[in-house]
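Down below are the structures I want you to see.
Two complexes follow with chain A in common, the first pairing it with chain B and the second with chain C.
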Partner chain A sequence: MSTHNLLSGFQDFLPESMLARNNLVSVVRGCYEKFGFLPQDTPCLERTELLTGKYGDNEKMIYSFEDHGGRRVSLRYDLTVPLTRFINMYINNIVFPYRRYQVGLSWRADKPGKGRFREFMQMDADIIGDESVLADVEVLTLMASAMEALGVRSTIRFNCRQILDSLVEMCQLDSETSVSLMRSIDKFDKIGQAGVLAELAGIGFSPGIIDKVGDYLKITGTNAEVLQGLTRLLGEAGAFQTGIALLSSITDLLAVQSHSLVDFEIDPTIARGLDYYTGLIFETRFVENPEFGSVCSGGRYDRLLKRPNGEFLPAVGLSIGIDRLLAAMKSVGKAPVFKTTTQVFIANFDEKLSSEYLKLAGELRQAGVAVEIFSKQSKIAKQLDIANKKYIPLVVLVGPDEISLSQVLLKDMRAGVQITVQRDQFVPAVLERLGLNNHPLAV
Partner chain B sequence: MIKVQTIKGMNDILPADLLKMEYVESLLFKSAAKYGFSRVQTPILESAEIYKSTAEFPEEKCYSLSDSKGRKMVLRSDPDAPLVRLVANNWVNHPKPIKLSFCGSIFRSWNIHRREFKMFSLSTFGLDGFVADVEIIRIIADVMEEIGFSGHRIEFNNLNLFRDIICAADREPRQDEDIKRILHDIRFAADEEAIAAILRSSGLSENIIAMILDLFHSRSDEPRIYEILDKASKMFPALTPEIGKTLSFKASLASYGLQNCHLNVSNLHGTGFYSGLTYRIFSKNGSKEIGDGGRYDQMMERIQGRPMPATGIGLGIERFVELIEAEGLTISLPSRAKNMIIAFAGSELADRCRPILRKLRSAGYIIEEDLASRDLDKVMRYAKTKQANRVIMIKSAEPEALQLKIIDLDEDKSDSSLVNDPEELYDVLLKC
Partner chain C sequence: MSTHNLLSGFQDFLPESMLARNNLVSVVRGCYEKFGFLPQDTPCLERTELLTGKYGDNEKMIYSFEDHGGRRVSLRYDLTVPLTRFINMYINNIVFPYRRYQVGLSWRADKPGKGRFREFMQMDADIIGDESVLADVEVLTLMASAMEALGVRSTIRFNCRQILDSLVEMCQLDSETSVSLMRSIDKFDKIGQAGVLAELAGIGFSPGIIDKVGDYLKITGTNAEVLQGLTRLLGEAGAFQTGIALLSSITDLLAVQSHSLVDFEIDPTIARGLDYYTGLIFETRFVENPEFGSVCSGGRYDRLLKRPNGEFLPAVGLSIGIDRLLAAMKSVGKAPVFKTTTQVFIANFDEKLSSEYLKLAGELRQAGVAVEIFSKQSKIAKQLDIANKKYIPLVVLVGPDEISLSQVLLKDMRAGVQITVQRDQFVPAVLERLGLNNHPLAV
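For the complex of A and B:
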């Protein structure tokens, strides 16, 4: 006997978790489509050369190998870099601004951990070919709509690259040390202000810079107060006016909308590690469990996508890690719970009655009901136990006696009650029991 | 400069095609759910060991790679073996049958045009009768009917007929793997002469070789096949149960309303892992199969050490969509909510109306605000690429009113309207 274990960091999805994941995908997809985004897909495998040089130190986490034609190929690391190839290939077929979304898997040979897998599903939405602030606001609003559709109280925290550039300028840092600064600020949620400052001291930043960063991290309050605080601290930096104008515009545009479950907050501690962001950056976390961290993030990346003539294509987008979102929803008790989609179980009294069972099942399926026929004759108690273990709400019991009386027994497993219905009233009775009262065939 | 092409055999899927594929997938899942099938998913990467249980997908043919610890992994080249692993890991003692539906990417380096494609599959574990096979064929036929196919044709075979003929003719017991190899070689033989050579090299007598060749020659001539099998069963009574089973299978297909089903003994697909009944589904007059399947009753024992009967069917989604369109059928996507593109003459106007757009989205409409400030012609061109139903251009009118130009792209007509405030705008857009 050989053992075939699941690879470490990979997961199977059994029906219950599959139903929960599908539900999330379906809700979020519905929101994307309401904002005019259309689906697209790209292959799981890309030429390795497309992916190299895009992910810095993380490049070692790309799964690569040689295919049968001797080409170096890789499993995609995210959905964004393949988009660069996609845009180049179909540039003449695309009308800009291009609103696309993609639901797909990505792979990273990362160390597996709680909620972190080597194969994971992402749902990205991007607006490409549009540099307007309005596009930024649309993406933020889309994120808010998705959170509301999922029914989770959330905070969308945003900042912009120009504000961070202003801090770098005021601290007079070179590009290398500025990367270290951003990485430390990015850890703010996990290690707090003291942790960030201690880390900077450990790296060797001067006390003057650490004080300035400390002042920066202390800026909190309402959006108006944060804007004032930033102006006081960074107002003299060259990049500041662009940054503050962007944040002000976004705040003004968001103010005309009302979201019952979502707040938008300017948060100077949002830094986002990825180098390719050029403007807006944002993260989303649940109000009831902020410690879980961000469940969705994104931003503007105007210098990643190019036209064939080398001209940059501005873009803004968001990415939701579905598995992580599901784990976060579980942590606040809001994860969708489904046990089965099967609604009726037809017990098998006698294999000679198979054609009658097929007829009953056919009538129900025609009416849109999901039915499982138990295909082997066995003790009814055992069959009821199976239906119960499978969480199927209704069991149909038809033996020779019922057939001779033109009757059907319906056992409602939820209520533990059994009713007898006439054969010609069978489908409407099932629909009623299942709560499908608006169905045209319901009694 | 980096090549912007996809890898050979790997394709991007653009929105219009993806919407069709997703719709067809949803029909398949919906139909399967009506028969009590539950949807599952497995990873794309599997331990290379997994496909050793089948001769159909040897590791050297699969896309394979090693992890940082040197363990061999393969990209999923078929869903059956991973699903067997899933059942073995989770449900060995679960009430049977276990009915699973699946859809995911499949990778086959040996395919010329499509090396990555989406495959939908149905599998039933824990039932050894053919009622499970009939049920999964019925599900695919249901979907074909729903899509509008004028009918179906089912070709089936029973690999055990050949096994039994070969075994019955042997003086010494023959290993199952040996028989599988013979059938596998026959499947890829160029002609009848090559088949005869394979059978001769396997030590079979001339009269048995003649019988097998006669069966192949008969292809889908059912009366002739049954005549040969009848003769064979008189010579080798051990054949009788499998012949009976094959006939009963056909009768059972008919009891599920599946007509136009034919025994075709020359169909040897999947000899690498199928263990008995095999089948393929075609449109009524089509020559390219929509899906194929069969029993793989021994795979669980090879993987997990304990036997569990199993059967399954698979179909490629891209191919199914192509065959639907080749039949001249239109994939009528479910009617989506009304899709409007709304363009504003000025940002202040947009700020004023944006809450109304949100309200419309909450009411179920697909509302895209035109983010690029541009003239109506360009908005119209854009709207057509998005297959929008309406374009609404909104301008200010004195003092607080809004001037609307409503273009109905479905009917190719336009209308103008004046509204006094955003609330009135909401009512007008709801109706337009």
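For the complex of A and C:
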């Protein structure tokens, strides 16, 4: 029946998927906060005119409609455009530099690509009102810190707009042709150098320019070698000194800290589609599955956010797509699986003993243990089967015999063992069985 | 400029508001999990036909539109209707009884009442596939547990549908008139007994019925007294025995645990508007501000969720409106205020020392401390002022002198004191200053 269908491009989350998502959000949020970022939020609905026409014709990808008051409203398609409104509105309530993060859903109305959804969750972190290289480095380090916290070997590849501008300058391209060039370079990961050059030839770029771009794309090696290669090729361009100084400073400051799982690589092929980046741009790939593509990316955008007086506010940030990152983690076998958060299942021998079960549950919950009580008097084998299917590690068995003996049976479903404990030792025994003895809650 | 306006009825959250909301969600989520509830999620958009026409004409309160594929879609207006689709779709992936919770936004298109919003966050917890009184008691106890965790003195008032049915039966009302009666009784808190009776008279209820309702509304006292009063008045009605047995069992089982901040009261005036409740119904008010009205409510609904074969799945649950609960907590001065999660601010004496600042920050973050680095070389007084405005408790001051002496200055912004520590004692000294010595992260 169609009423019972999930809309195409949307997802439901059963508890197992939800626990995985919650865990990921919690780990990343922990990293954001360790770097001094604070949470903020904006509504999912905005005035349509705020969202449309920012980056060309984007109406096809936005859900828009007229509300009951005749206003044109839209579901946000990212967390950055609403940020422009937010910063403008609360400029006097914010102490700059402002480190903010936002966890929220966004929507795209057009048909989603493989592994993507019409409704998706993003976690953005931005430093606003700070034009320094140190801020760039903080964002890159935060990215690395998140990958380390998630336990995934990653490569963060970065470049900067000024280097790409130098290439455009050396090729003497006008702004329209330079956009085509950037778009082609951006496909490097997918189609390789030959693919990019063939595409440029197809568009009608001259052989001289194609040669230059070929030389540019060939620059690889250690960060020092890439910097040298870039200098050889682009050293004459006007924008180049700023670019090379920026990449050098970033590289030097990144070297201060070591990351066991993360490498930083200067990569001239990183171009990023969005034209709002003005400095640093970066992407992140998993070492074990680079084909998956970038799992999180970001950069500096000094010409998007404005004070009410029109003055630009420099900003640098990153964005993590939670669904995509989780899919990538699954692809390398690094997505932790959580079946349940419930630790104890209290079986039901007799509905007349309900008050005893409530008492047992209350004591455990007081000690911080997550408890489900089974409410139906039914065969114990059936109840154990249910506890098992729910992946609950410990079952409490108390029938009339246990009551009269002041005892409790604990069945450890993982080890398959059953132990008898005295009623007055019940809570400590459960905590011990769950390995919570040294847990703060057990004190 | 209108593009920069927030839509009317919607909210932005600056970090301070967001930290308060996150804290509330986290405390309630912790309670839900302690009671064995697991998270699930559904999309914000659903097919319009799923949402409309469930409880009369509700199209005015729903945001609906046509998507780019010509489908009629709507933003959900609660978390319960999508649950009907969810249960039906994943019936074979769920182990019943299913304790699930959901934290999510919902939207209402009509003009919101005072203190309410068009976009609002709810936290629902439900036990599905469990018709037992124990499940009713678990939900009530969970409600109490959440209020205790939030530290607010509350009264949970409950009633059941069968008692109200008995009143309808004794008054010999048809189903249409009984709906008017329930609607009037539901206003008891706002307009009092005289108000309800006057309203009934206005509608045209007979004096005999108005007398009976008057007697019904007069029943107060201890839970035992209320049960006696109800028996005297309604004991002859067909539905009564089920109702009184249910209220008695619930009262007995609730007595097993004591709650220092929460009282449970049987209250015949609780009627609840929604007609999907089939048994227990309850509301929660703060003792210190009962006028605020119910902050969270719920009940049993055994005729809403269905298996694919059409068989009903019994369910009982509660719903907490986060914005409303937070507003209520503020009204009694019990909403904790969080200014920031950032613990340390590293001042910037000289941009050339950036790598040292990154090193200091890295060490602290490794130890779990939340750190912001100030990136601009500027007057220290100005930097201290910024740290102060950001409510960051500790400032790290390292200039060329400290570097040459292998020292670090720590300025405690709360106490206004400054201490000098050796560079190699830096992390333990910060942890001590922050009171984190016994913190697991400090081990």
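One rule holds for everything that comes next: the second predicted complex is superposed on the first by the 428 of 443 C-alpha atoms of A that agree within 3 Å, B and C clash if a C-alpha of one lies under 4 Å from a C-alpha of the other, contacts with A are read in each partner's own complex, and residues count from 1 in each chain.
Criterion: a residue touches a chain if its C-beta (ideal position, glycine included) is under 8 Å from a C-beta of that chain, and two chains touch if they have at least 3 such contacts.
Please read all numbers here as calculations on a predicted model, not as lab measurements.
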Fit-or-clash call for chain B and chain C when the two complexes are aligned on chain A: clash
First, second, both or neither for A:376, with chain B first and chain C second: both
First (chain B), second (chain C), both or neither touched by A:35: both
Partner chain in contact with A:365 - chain B first, chain C second, else both or neither: both
Which of chain B and chain C A:357 touches, first, second, both or neither: second
Touched partner set for A:110, first chain B, second chain C, both or neither: second
Common ground on chain A, meaning residues reached by chain C in one complex and by chain B in the other: 2, 4-7, 10-15, 18-19, 21-22, 33-36, 38-47, 49-50, 63-65, 67-69, 71, 73, 85-86, 88-90, 93, 95, 97, 99-100, 105, 107, 109, 118-119, 130, 132, 134-135, 138, 141, 145, 252-253, 256-257, 340-342, 345, 354-355, 358, 365, 368-373, 375-376, 386, 389-390
Partner chain A, residues of chain B touching it in the complex: 2-8, 10-15, 18-19, 22, 33-36, 38-47, 49-50, 52-53, 63-68, 71, 73, 75, 85-86, 88-90, 95, 97, 99, 105, 107, 109-110, 116, 127, 129, 131-132, 142, 255-256, 302-305, 336-337, 339, 341, 347, 350-352, 354-355, 358, 361, 364-369, 371-372, 381-382, 385-386
Chain A residues touching chain B - in the complex, by the definition given at the top: 1-2, 4-7, 10-15, 18-19, 21-22, 33-36, 38-47, 49-50, 63-65, 67-69, 71, 73, 75, 85-86, 88-90, 93, 95-97, 99-100, 105, 107, 109, 118-119, 127, 130, 132, 134-135, 138, 141, 145, 252-253, 256-258, 340-342, 345, 354-355, 358, 361, 365, 368-373, 375-376, 385-386, 389-390
Complex contact set, residues of chain C against chain A: 2-8, 10-15, 18-19, 21-22, 33-36, 38-47, 49-50, 60, 63-69, 71, 73, 85-86, 88-90, 93-95, 97, 99-100, 105, 107, 109-110, 118-119, 130, 132-135, 137-138, 141, 145, 252-253, 256-257, 340-342, 345, 351, 354-355, 357-359, 362, 365, 368-376, 386, 389-390, 440
